[in-house]
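Chain naming follows the written order as A, B, C and D, and within any one chain the residues start at number 1.
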Amino acid sequence: MSTTENTPETQAGICPLTRRRFMKGLLAAGVLANLPCGLLRPTRTEAGEIVYAGDYEIFRNACPRNCYDTCSIKTYVKDGVVQFIEGATESTFTRGGLCVKGYGYTRRPYSPDRIKYPMVQEGRGTGNWRRVSWDEAMDRIAKKILQIQEKDGNLLGLALSKYSGNFGITNYGIEGMMSSLGYTTRLTGTPCWPAGIDAQNFDMGDMWCNDPEDMVHARYVILWGGNAAWNSVHSVKYVYEAKRRGAKIVVIDPIMTQMAAKADEYWQIRTSTDGALALGMARHILDNKLYDRDWVMANSVGFEEFASYLRENVTVEWAAKESGVPATNIIEMAEEFATAKPATIWIGYGLQRHVNGGAAVRAIDALVAMTGNVGKVGGGARYGHLRTWGFNYHALLQKQPEGAKGVPGKAEVKGDFHFAGGNDAAAVSYSDRILNINKTAQVILDANDPPIRMLWVACKNPFSQDFDRNKMVKAFEKLEMVVTVDQFFNETVNMSDIVLPVTTLFEEWTINASYWHYWLSINERAIQPMYETKSDIQIAATLSKKMNALKPGSCTFPTEIDSKEWMTKEFNQGIYDLFGIKSWEDLKKGPAKAKMPSAAWHDLKFGTPSGKYEFKSELAAEWGNKALPEYVAPREKTDKYRVLTPHTKFGLHSQFINLDWSEEFNPKPFVYVHPQLAAEKNIKDGDTVRVFNSIGEVKTTAKLSTVVPSDAILMYEAWFRNNPYNVQNVVDDTSSDMGAYKTGQPGVAIHDQFADLAKV
Amino acid sequence: MSNIEMPLVLFSVLSQTAIGLTIMNSGRQIAGDDFIGEGRRQWGIVLAFLVTGMVASFFHLGHPLQAYTALKHLSTAWLSWELLGVSIFLCLALFGFFTEKEKKSGLVAFLTALVGLLTLVFMGMTYAPPGYPALNNALPMVFFLLTALLLGTSFSAWFTPSEDRSWLCRILTVSLIVGLVVYLIVPCIWLSGGTVMAQTAEAWIESPLYWGRIVIGLVLPLLLIWKIKDIPPWLPLIILIGELLGRAAFFQETVHAASNIGGL
Amino acid sequence: MKKHYGFFIDAERCIGCFTCAMACKNQYHQPETVVWRQVYPISEEIYPYHERAFYSLACNHCENPTCLNVCPVKAYYKREDGIVVHEQDKCIGCGNCIRSCPYGAPRYNPEQKKAEKCSLCWQRVDAGLKPQCVQSCPVEALQIVDLATFDRPDTVQYPPGFPKHEKLNPSVRFVVPQLPKVIGREDI
Amino acid sequence: MNDIEAIRDFFLAGDAGKLKRSYQQLSGSFEATPPVVEDWQEVEFAFNRLFVGPAALEAPPFSSVYLDAQGLVMGQTTMAVRQMYAALGLESPWKNSLPDDHISLELDAALAMNHVLKKLGHSEIQELHARFMNHMTRWVPLFADRVLTAPSRHPAINHVVLCLSDWLDKQTCGLKNYQSAREEKV
């Protein structure tokens, strides 16, 4: 639809001619029989005139990014080309809308800058690229893999770096591809939310949150350490609705976020002291007998021990001193929270990216539990869930080739989205080598037996997203071959030997579920893949074909796959029942919502060893933490000011910000500095400043802003296509306290970073 | 900060010069001033200014070939009236040029001057849009009248024997002083207005174009006239340069209301 | 009463997410630098927190549109339902509407050398759909309303930060943003 | 081999060998003498930086990038060009995977049109051809300019682009004659 009179013909400088006008004449004259053109071919059919108005084909897609909202998309296609997209109106969560990022999607398949063909770089970083066929690319890769096998007797020298660039279910075929080659090195864990996942597992036996749509029933909502207004825009309407119905909305955050501006109250907390604040509130609730005694007695273990800990170690004054929040306010909120029924806390992922982040989440969980708000509609300690992810993981679960060797013994590959299954435990005598994704640079440098010789990068941009970028440069020097699968050229591609072009969401079949809301969408192939792009599982199949041609039996991955068929293989009766659908085809009519009660733990049957809510968790103690949700001190300052590098509203990690439409509204990065700190440093709005610490520096423009506390520096993580800005230059890989139990590796203390700044 | 709009700078200043010159011509013809033989040359100069300005104005349009359609909206668009005014003015000037031989044509000159004066009013209305709070008033009209006056009088000197120029000198001196006062006071008034007006004032005051217009277009000519007590043939050109600089400031430095949306 | 469409901008709900502006680009694919809808941050003099309150504005479809009045070629017309439409085939690119509109709604399209502006998605409206920006808003802060029947008492036509032009009578109504109670840190 | 076929193949070449082959097939009927190329690998690297990737292209070989307000492919221009091919009864073998307005495909279409013109002198083909050439003259000079001034420009590639411009000039000369003749008729 276009309101402009700018017809395609005037745009291109040509006028439309109906073909039948002279087709007949030409055919009669026999001229078309021996045209000299070597590329163009006679049209196959006598199709009707191309219509330029209306008449769209509509396809179902879903945003596969690492985001709460996982929006269900309606894609309008004409002439085989995506024209525009909308949110699916069938979903009560997205209600026909997407977000600022999602609406930029139409730029992706058709950007002239897209990676189009498999290419080989003669010398990393030289920019000397040769275009090769898929066959040649695979030949090089396969030969390298066989060479590693030959040299080391195993494939532990082949490592996979993959995370959340595409959360489509069939994209787990990348892990499947690695398994089908043998036992390899896996960079596992998650930089995102692991400490909180462990915390919730210790407390409740799983991470499971209420349906965000039931937040409207809450009488008191605390959004703690998360900025929903930027990172889950579709959830905000439920917060508003709760407010309209009389709930009080409180935001606790070191930064005066957009969500904070929309709350009834905003509390500026000292970064990394969330645990102290929660425990201070708990102490007051305890002292005033405002806790839900019946609930605690019936549904928990260890409450008495927790209560003694509070009495002996915690006071409201202490909490006030630690957190910077005045004691009177702590008391007031504790009383309000404890008496509002139901009350809920949305625990953001920001607050657990600390050396004491898991402990803080446990303290907040305890606050929700002791007030009897767990298992209630409109209540809950909301963090995330994977309850709607019960797929077959057909693409993921591949068998190693016969005779494959790895690390002796059985080691379970873990990860937030890693789903158990696959190998028969008894039969397994080898395992993958498991390394920490959050220390990618360090583990590459440290691994020596055998060294990591080859790195496969997919759904990830390590140079933009992994920590300590300067160390990453050194780590890459150690690698013999780097293969990156991506849509756009970025610094990681620049540091690769081979790049493989991957499809966009419009060009492949897959399924997408959310880790937050309860909706499920399929992702249809709306358009033909552009250029020579392939989906991740097609790439796996292509590699398998080559591996087997060079050395039969060296790869168990199928050599021919139909991606639509592979999508259907992920469904099972459990999924159909959960979503109340008869077949996956029902999803072509629109997304479906899980038929689950809206309250997590509604039956109060917890997944903990005791089956109850565990204020005291022996499991936590086993994994090296305190059994009780005790306070853990923040990380010692390593430089003058705290550096916070949260998400920007214009991007999702390294994605979207590079698109031209995005640049229209967000052309360049800034460092946000409180006017008081700026004055001390003689920095004015618009000055170029240097943020630096022992591991590196970032240079960018200063914006003075009172939303940042005066003892912190704020920069949003981002990858711009024409700007070397990279916050990972000043973020080190210090671990957070939890994560190893469920995700295999501890998280990373992204927000426990420190630096100094100076005017350039 | 807006676009310098060079075509509009040239068009407005040059057409206003033509109008000013015609008004002077008409005034003198009515007053019975005797300059036989100069009349046709004067029409020629008027036409030269006007046609150059009009040609320049085409470069301002995205689609110059459709310029004639701009006459369509006489009901509300001052720009349509401006075009109509300029067109009639052009026709009359051409008529004047071709008909005036030996004989004076006081009526044609008078009519042309009248149309010119009206056109100045239309121009003043056209360039006083709500988008520019500092100009959304009578100021553009004042500026344009001043331009016509300054350049009309000074270029008139070309057609006036030096012994007859003293009264021209007096008019020009007074006009220059008025211009100087107006141009110095206006930004000061803006400073006490709303945000966008104040921003406009600051932009003007910080602009070399504005000070160039004050110095070259007003102060320098005043000093020269005071010193020489005459209008030498090159003086109008200096004033013209000043006017062009001033008009460039008018277009480039005036702040648009939309730049302050969200601000007080 | 006659229908008169306008935008209702609830700045209290608005989270400044730019979704509306991007949804517009997604629908109309305007060239670089041409935006029909822009999200303007409200200055700290009005809302004391930097970039935390916004007005999402496009064309205000004024009752007495200056763009229409000043256009010398009659490229603008106002529909019965109040929508101000710019017909690009008539436009000669004189820029008069761009200079004239105090709300910055018409923009210059450097490719076509013509002006263009928000159409209130009249084709979508005619087809019974919401304008794309309205449909896209995740917090229902932006709505299309019929001013003939719109009577929310808590709205204003000229909130601080929005140029007041009573002659133009812009067809917009606002709810102004509120401040949360802020509990600051005691230690800094 | 027809020069324009050589240019067409040059812009579609996937490697140094193919670049060399098509380059050598340029007949030399163009005024400029082709620069001697010592290292074809170097040409290939430059060629990829200009037209292929994986980094952002210095001179995208698609007309839509130059003519569409959007600056991306598969937009209005691509579809209009597709329509032109369809008018001749032709379509791209890479429909919806390679944009139809890739320079090589456009040259191929021009070849087809020239052929039909010669055979038939069909007036409607003449009109189609004129319009298509008009389209090409709108973007090829912009494209050539980008190539000639790109950071990765290379003498050999410059030569091919100059040959292309040359050819287009000759074509449009004929076009002008045709147009003036047509105007007279009107």
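Note that in this section contacts are C-beta pairs under 8 Å (C-beta built on N, C-alpha and C of every residue); 3 or more make two chains touch, one makes a residue touch a chain.
Just so you know, these numbers come straight off a predicted model, no measurement behind them.
K.L.:
Going only through chains that touch each other, how many steps at minimum separate chain B from chain D?
P.N.:
Contact-graph shortest path, chain B to chain D, evaluates to 2.
K.L.:
Under the document's definition of touching, what chains do chain A and chain B have as common neighbours?
P.N.:
Touching chain A as well as chain B, we find C.
K.L.:
Please tell me whether B-C or A-C has the greater number of C-beta pairs in contact.
P.N.:
A-C
K.L.:
Name the chain whose C-alpha centroid is farthest from the C-alpha centroid of chain A.
P.N.:
B
K.L.:
So the centre of each chain is just the mean of its C-alpha atoms; given that, what is the distance between chain B and chain C in Å?
P.N.:
Roughly 36 Å separates the two chain centres.
K.L.:
When the centre of a chain is set as the mean of its C-alpha atoms, what distance in Å lies between chain A and chain C?
P.N.:
34
K.L.:
How far is the middle of chain C from the middle of chain D, if each middle is the mean of its Cα atoms, in Å?
P.N.:
So the centroids are 43 Å from each other.
K.L.:
For chain C, which residues are shared contacts with two or more other chains?
P.N.:
As it turns out, chain C has residues touching two or more other chains at 29, 32, 112.
K.L.:
Multi-chain contacts only, two chains or more: what residues does chain D have there?
P.N.:
If we look for residues of chain D contacting two or more partner chains, we find 69, 71, 75.
K.L.:
Strictly by the criterion at the top, what is the full list of touching chain pairs?
P.N.:
By the stated definition, chains touch in these pairs: A-C, A-D, B-C, C-D.
K.L.:
Would you pull the chain C residues touching chain B in the complex into a rising list?
P.N.:
Residues 40-43, 45-46, 54-55, 57, 66, 68-74, 90-96, 98-104, 112-114, 160-163, 165, 167-168 of chain C touch chain B in their complex.
K.L.:
What residues on chain A touch chain C, complex-wise?
P.N.:
That would be residues 1-6, 84-87, 94-101, 103-106, 229-230, 233-234, 236-237, 240, 251, 256, 258-270, 320-321, 324-326, 329, 649-650, 660-662, 664-665, 703-707, 709-711 of chain A.
K.L.:
Where on chain C does chain A make contact in their complex?
P.N.:
Touch list, chain C to chain A: 13, 15-19, 21-23, 25-29, 32-33, 35, 39, 44, 48-53, 85, 87-89, 112, 116, 119, 122-124, 132, 135-140, 177, 179-188.
K.L.:
For the complex, give me every residue of chain D touching chain C.
P.N.:
Of all residues in chain D, those touching chain C are 69-71, 75.
K.L.:
With touch defined as at the start, can you tell me which chain B residues reach chain C in the complex?
P.N.:
Chain B residues touching chain C: 60-64, 66-67, 69-73, 76-80, 83, 126, 129-133, 256-264.
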